[in-house]
Every structure is written in C-alpha cells, then in structure tokens.
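Each chain carries a letter (A, B and C) given by its place in the written order, and its residues are counted from 1.
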Amino acid sequence: MGRSLTSIADLSDEEISHLFDLSRIFLEVNEREIPKVPALRGKTVATVFFENSTRTRLSFELAATRLSADVLTFTLGSSSVSKGESLRDTAETIESLGADLIVMRHSSSGSVKLVGSWLDIPVVNAGDGAHEHPTQALLDALTIMDHFHMNSRLDGLRVAIVGDVLHSRVARSNAQLLSRLGAEVNLVAPPALLPLDLSLWPVKSSFLLDEVLPQVDVIYMLRIQTERFSESILPSMEEFSRSFSLTANRLGRAGKGAIVMHPGPIIRGLEISAEVADSPRSLIRTQVKNGIGIRMAVLYWLLGTDRDRVDPQW
Amino acid sequence: MGRSLTSIADLSDEEISHLFDLSRIFLEVNEREIPKVPALRGKTVATVFFENSTRTRLSFELAATRLSADVLTFTLGSSSVSKGESLRDTAETIESLGADLIVMRHSSSGSVKLVGSWLDIPVVNAGDGAHEHPTQALLDALTIMDHFHMNSRLDGLRVAIVGDVLHSRVARSNAQLLSRLGAEVNLVAPPALLPLDLSLWPVKSSFLLDEVLPQVDVIYMLRIQTERFSESILPSMEEFSRSFSLTANRLGRAGKGAIVMHPGPIIRGLEISAEVADSPRSLIRTQVKNGIGIRMAVLYWLLGTDRDRVDPQW
Amino acid sequence: MGRSLTSIADLSDEEISHLFDLSRIFLEVNEREIPKVPALRGKTVATVFFENSTRTRLSFELAATRLSADVLTFTLGSSSVSKGESLRDTAETIESLGADLIVMRHSSSGSVKLVGSWLDIPVVNAGDGAHEHPTQALLDALTIMDHFHMNSRLDGLRVAIVGDVLHSRVARSNAQLLSRLGAEVNLVAPPALLPLDLSLWPVKSSFLLDEVLPQVDVIYMLRIQTERFSESILPSMEEFSRSFSLTANRLGRAGKGAIVMHPGPIIRGLEISAEVADSPRSLIRTQVKNGIGIRMAVLYWLLGTDRDRVDPQW
C-alpha cells in the first residue's frame, strides 16, 4: 500500500502547508498562456466514480491533464459492477490496466481507505459516503486563507458551517481541517441535522443561524439534499428553508467583511438565494478555480518524482 | 462577454469568407500523415451537451484535439443538473474550472446566447432548440461550394431544403447562410411543417417536392423526428413519406448534376432510401468530413492567438 | 477494405508470432518511467461499443494512448443508434469523422466483419456476440506462454476451458488459438452448455471437471452469465455451481503447477471462490496487464507506418 489521501487526518501539518504552497504554484501555472507542466508525463490517473459528480471528476481530470498525465475515466453506468463484480476486483483491474493513481468516489464511508489497503498505488478520496472529502476541505481552506491574506494558518477566523451537517462529508473534512489551522468552527443546523455526539469534534454548534451570523467571518453553506426531507424526523423543507436559507436579508445580519462559500452544486432559492450567490461576497467561483490548484498539488505530491520540490523550469 | 458564435447573424460576410479559408487549410492538415497543429495547445475546449448528439460532440472534440487543445466533456446524464443546478451555475462552474470555450447544445432556443451573456469566454452554438445550428450551415455551404467549384459564394445555385422545416434549426441556419451567399433557397414541406410566417425568411417555399426537383442543384433532406408524427395536426408518417421521401425513382426527376445532402443521422427508408444514401450523388460523408474542418476553423478563430492568420510553419 | 482483426482465423502463424514479439516489446515499454512511444502520433483510434464493457474499452483506449494515438469514444447510450441510425451509417460516419481504426463490440456474431467490409479503415473485433474475441485469446496465450517460459508455442500444454462454452466468444477464440499453438484443449461443461456439434472444433470435451483437473496445466474459467440460468433447459445455478465452481478444495485436485485464469469480470463465489481468485496460482491480474501489451501490438500492427519493425529508438 502506497501513500494515499483518504482523510484530513492522513496529513501532517507540514504536509498540509506544503500542499498549499504547491497549489499556489500551480494556480500561477494556470494563469499562463499555456497552463501546463510536464510534471506527470506518462502517468495515468484513473477517476473511479461510483456516485456521479461531474464537477469533482472534471476538476480532478483537468488537474491531471494540466500536469500532462493521461486520464482513464471509469464510471458506474458502463461498468462490470452491474454484472456483480466486487469493489476489490474492479480496483485491482484498474491497477492492473496500468493506472498509477486512483481518484475514487463511493457511497460507503471508509470504502476508499479499504481500496487503498488492497492496492500498491495511491488512492485519493473524492468523497466516501458521509465520511470525508479531503480535497474539498483543502480547497476551501486555501480560498479562505487567500481571501483574508493569511499564509498557512486561519488563526482567529470564525467559520459557520450551515445546513445538513449530519450527512455531510464536506462538513466533516472542513471542521477538522479548519480547526487544525486555527479557525473557530461553528456547526449551525437544526437538532435533527447535527451529529448526536459532537464531543469528539473540535467545534461549537448552534441551532440558530440568525444568532450566529453577526459573529462570523465565513458563512459556509452546505448543499441541501432534498430527498432527506421526506424522512419524518426532519423539519419540513419549508421550515428548514425559513430558518437556514441564506437570503440577502439574512446576510445583512453578518459583518460587512463576512464571505459566503458553498461546495456546489447550489440550488438557488433553496439553501442560498440567487442574489447572494451572485454577490461579490460569494467566493463560490473562486472555490471551483482553487479546486484545480489543490488537485494538481495532491496529484503531484502523490505521483511526482520529487514531490517535495517543483522544477524551477516550469 | 467575449465573441461567440450563436447564430449565422453573428458573422459578417468577411468573417464567413475567412472561416471558409481557414477550413480549407485545416482540411489539408487533416490529409497529412500527422493531422495535427499546435495552434491551441494549452487551451481547454468544453463540450456541454444537454441533448445527446454523439456525432456533433465528437466532431467538435476531434477538431479540438487536432488543434492540440484539451477537451472537457460534460454530458447531462452524469451531471449536477439532475440535482437541480441552474444552467447559469453549470456554465459558470465550467468556466471557473478553466474552460477557454464552451461548445453547447440545449433544447431551448436562445439558451446558448444567454449562456454567452453570462460568461467571459466564447460559446459556440451546437444546436439550440428549433433555433440555430450555425456550424452545420457553414459545413453545408462549404460542401456545396467545393462540389460546384465555387470559391466563397453560391450565386445562382438552387437549393431545396426538404422535410420538417418547422422544427429544424438546421433549416433555419442553412436558409440564412445559403441565401446570404447568393443561393436561391426553396423550403419544401407539407403546410403543417412550414413556419406560419415566412415573410422574414429570404426564401421561397413549396408544398410539392416532385415539382421542385427538376429545378434544383442541391436537395437538402432534413431529419425526420418520428415522434412529431403523433401530433394530430400532421400528416401520417406514411402520407408524408409517400410525398417527401427521397427514393431513387424520385431522384430521377432531378437534373443529372443535382446532389443530395443530409445533416444526419439518416434513417434509411424513411426520409431517404438506402440506394440514394449510398449513391455517388450523396455528399453525406463529405459533409461529416468537412464538419471537422469547419469546427477547427471556428475554434481557431475564437481562441487562436492571431486568429486572422495561420502559422505558415503548419 | 483494409486489413482487420475480426477472428483468430484472420491471422497467419507468422503474424501471431509477430504479435507476441511486439507485445513483449510494448510490455517492456510499460515498465518504464514514461510508458509511452510516439508510434501512432496523429492517428485516431475509435472505440465503438454497442455492448458495455468498460474493462475492454479502457484496455484498448489505454493501449492507444500509450502509442500516442488520439482516442474517440463512441458508446451506445449517447448515440444516434437510438434514433434509428443503421450500423452502416454509424460506422461510415465514424470513418468520415477521421478515425483511422475502429475497435468494435457488438451483440451480433459477424457484425464486426460486416462493418470491416464497408469501410476502408481496419476494424478490430472486441467481441461480437457468441462468435469471437481475438485479442482476449492472444493475451491469454501470451500469459500462458510467459508463465511456462515458452517462446511462441504451447506444445504439450493441457488447457481446460470451463463453464458456459456454448455462449462464450472467449471459449471460441481461445480454443482456436491455443490449439493452433500446440496446446491440448478440453472444453468442460454440462451437456446443455456445450455446442451441439464439436466435430469442427480442434478440441476434446468433458462433462466432469473433477475428472479433468488432475490432468491439466491451465484451468481457464469462463464467466457465468447468470441470466442464462433462467432458461429451463439448463441446470439450476446451484447445481451448476456445485459441479463447476472452482473452490480451493476442488483446485486441490489439480497438479501443483496448474494455473487459474479468467477473462473477467469475475463473480467471487459463483464461478470461482475468493480464495482461488486471490491465490498466487491465479493469473487474472497478469491477464489484464498483458491485455495492454497485446492491444498495443494489434493497434501498432494495423496502423504503424512500418508495422513489421519497431523503432530501436523507443
């Protein structure tokens, strides 16, 4: 088993800092007339998505392409999985085909780590169930850091993560990473959408978004999965939306410098209003852009020949 | 908003002529042992198809590849659109990912232009509802021109566009472009499949194919969308086919030099007989081939560093 | 019509031997830091799969990529075939788009050869109905050869091909190729799953796996298509599995040096137990790896400028 990235906990503080440095270099590369470097020429990156997520998959594939790697796309629809092939056999086949790294999304928590334990090549978790989505947390941290002109820490910044925390791998990875970087994280959700036991989470929690807003620098809205609201334990969608949807009016309660983030895809009018999504305070598009830099950094770090340095010729 | 190609009306006469010149250069490139030029190296072309059309999508993607651009394929099936993401958010995300140009197909007339108004990168209309399909018209005009050994005009040529004109974006773009180039366009369809008001179209119209055939140089058959014929206002499929299907027998009424064209995919025996489709008078395969040249020209013209010239080194 | 590979019978003994030599060269290339050669730069390989098979498609596409060819992926889901386009028109369109070679899978026996007869470019059969799958047989032969340290023949080796022989294109291609190379092939299946007339097959047959096992060097397990077992003529799945599933216990009856192969995807616990699949006697992963080499060899042989030699500079 090679080194992999399945969880924020896999990374040391030094490695996190190194990934931010690499990302900033690659984001500069992306501004060039020809935004490519030959760093991973001849390497093959396989994206293996058992759950659909075009935006995340394309982000990884474009990152690989910009590092001059080849891409092998494996999606569920057209796969042998429907013929009854096991996860292990699928993964081993992709390794045997010649993939040098697997980027994987799956609906089961822990599945990506399990696959990593079977293979000799690195795996990158692009989302496993309600567990983790580490590259999302890294790109979010980088976005916050750059916006507030901080270098590698987030000390003192106050971040509210708002919405369906309970089912969110994004919330889980972000809470961990942002806390480690020094931010004060507040999970804001109705009781039924918060984890039962938060004692191990390095966070505060709150049921009332309106009370939290005046004291935050970052309002991180989670995606609403509408299908959840059929479960009877939850509040109705209307009820939820009334208290937790980020409208322009509600955003007025936050400080002037507070920014709005969202992992996407957003549903305008549900968790966030169109006016807020398009306002200059929204960093949603910057997050997408930074995602390419972070994913280039992660791929280079796991596959580059000299991962701790970058070629000054680039 | 950058320059885009959403409609034939976007193009000046000089630009149309320039695109034909570029296409002929690129079609020569395509005959080489290594049919590639480095013109768009480092650029990323995204194909964003909300309606399936493998042939059109592959034509654009191959054109991009031959210009050394990278391709990012976004199709509906696997996308966040099914999670409720708006067209605007999808388009902005693709731009933020780093696409330099979007080639888009969508079922709504005007949607491609709308997307172009939201973005800073060019968009190319690969078919929007019953509105337009400008690269199809360009490749068709080029095919006719080259067949009749004309350089950049179609003066005096008589073109019949036959079939379901009412619902056809191909008819709309072709009628505009071919007329501007000097051709005399005749729309041939049963009354229920012609637009109600043709006063703004620079064309003639006719209900009787058999009468038109002896006087045309180009018989342009439109695709029949069989699902239309369930609508009660239309003639039955059999009735339509009896009068408008291009059989070898019917083709005999046309002059010897008249050619047959079709945008594809064809259904043999429905709008066109197998014998006609495979005859030397059919230019269907030439149309497909010229499509690569036109799309290379359009991509180069919108993305090349010096779009008005091409590198003599190629 | 150019040269194609639709069946093992298309190949002379010299050509088979040459393909093995090429494969071994390309498998060495695949071990390099940058596993690519510029052999097919500028060529476009189209994969046209009317039946899903991600593993086979990706194997061909990766092979093409490693030879520096461009890839054009055409899959049924998103294609005009659903609009009623004929196989011939689909194939001709792909050729007109600029493909230099088509790799095709289809559910109809003989369809790939038919397509080859319509086109000027080579076609490679990646599985046509219950007919043939020649690159699978080539990679299997290479795997056996290399394991037993033989150069280009399999003289004296005893191979049991076990399972649903009747419906298997893999069995058909393997029986032909392995026999031609000198192996003694034994088809092992219940009577209902053997072809009625084996007189033209250069093989023995048997109904009892347990009796065959002590006398074989290679146990080649076929994939079980569970949907077959609803047909009343067949034994029940349980009955079949009891007699033909390769468990560790049953494998104990074979000689110590006997190896286990399977074309994949496997269903653990059905035709093969997990213990056997993961044992060092299983060459399943080596088959997948060798598939890349064989497919690189086939593509190079059909498209390379000097197909009988390889550039010593590689």
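In this section, contacts are C-beta pairs under 8 Å (C-beta built on N, C-alpha and C of every residue); 3 or more make two chains touch, one makes a residue touch a chain.
What you are looking at is a predicted structure, and each value in this text was computed from that prediction instead of being measured.
> Rounding to the nearest 5 degrees, give the angle of the rotation that lays the CA atoms of chain B over those of chain C.
Here the rotation carrying chain B onto chain C measures out at 120 degrees.
> Where chain A and chain C touch, do the two copies share over half of their residue numbers, giving same, or under half, giving different?
different
> How many angstrom lie between the centres of chain A and chain C, each centre taken as the mean Cα position?
Here the centre of chain C sits 40 Å away from the centre of chain A.
> Among all residues of chain B, which ones touch two or more of the remaining chains?
Residues 77.
> Quick check on the complex: what are the chain C residues that touch chain A?
Residues in contact with chain A: 30, 32-36, 52-55, 57-59, 61-62, 65-66, 75, 77, 226, 264-268, 270, 277, 285-286, 288-289, 291-292.
> Please give the residue numbers of chain A that touch chain C in the complex, ascending.
41-42, 44, 70, 72, 74, 77-80, 82-86, 89-90, 92-98, 305
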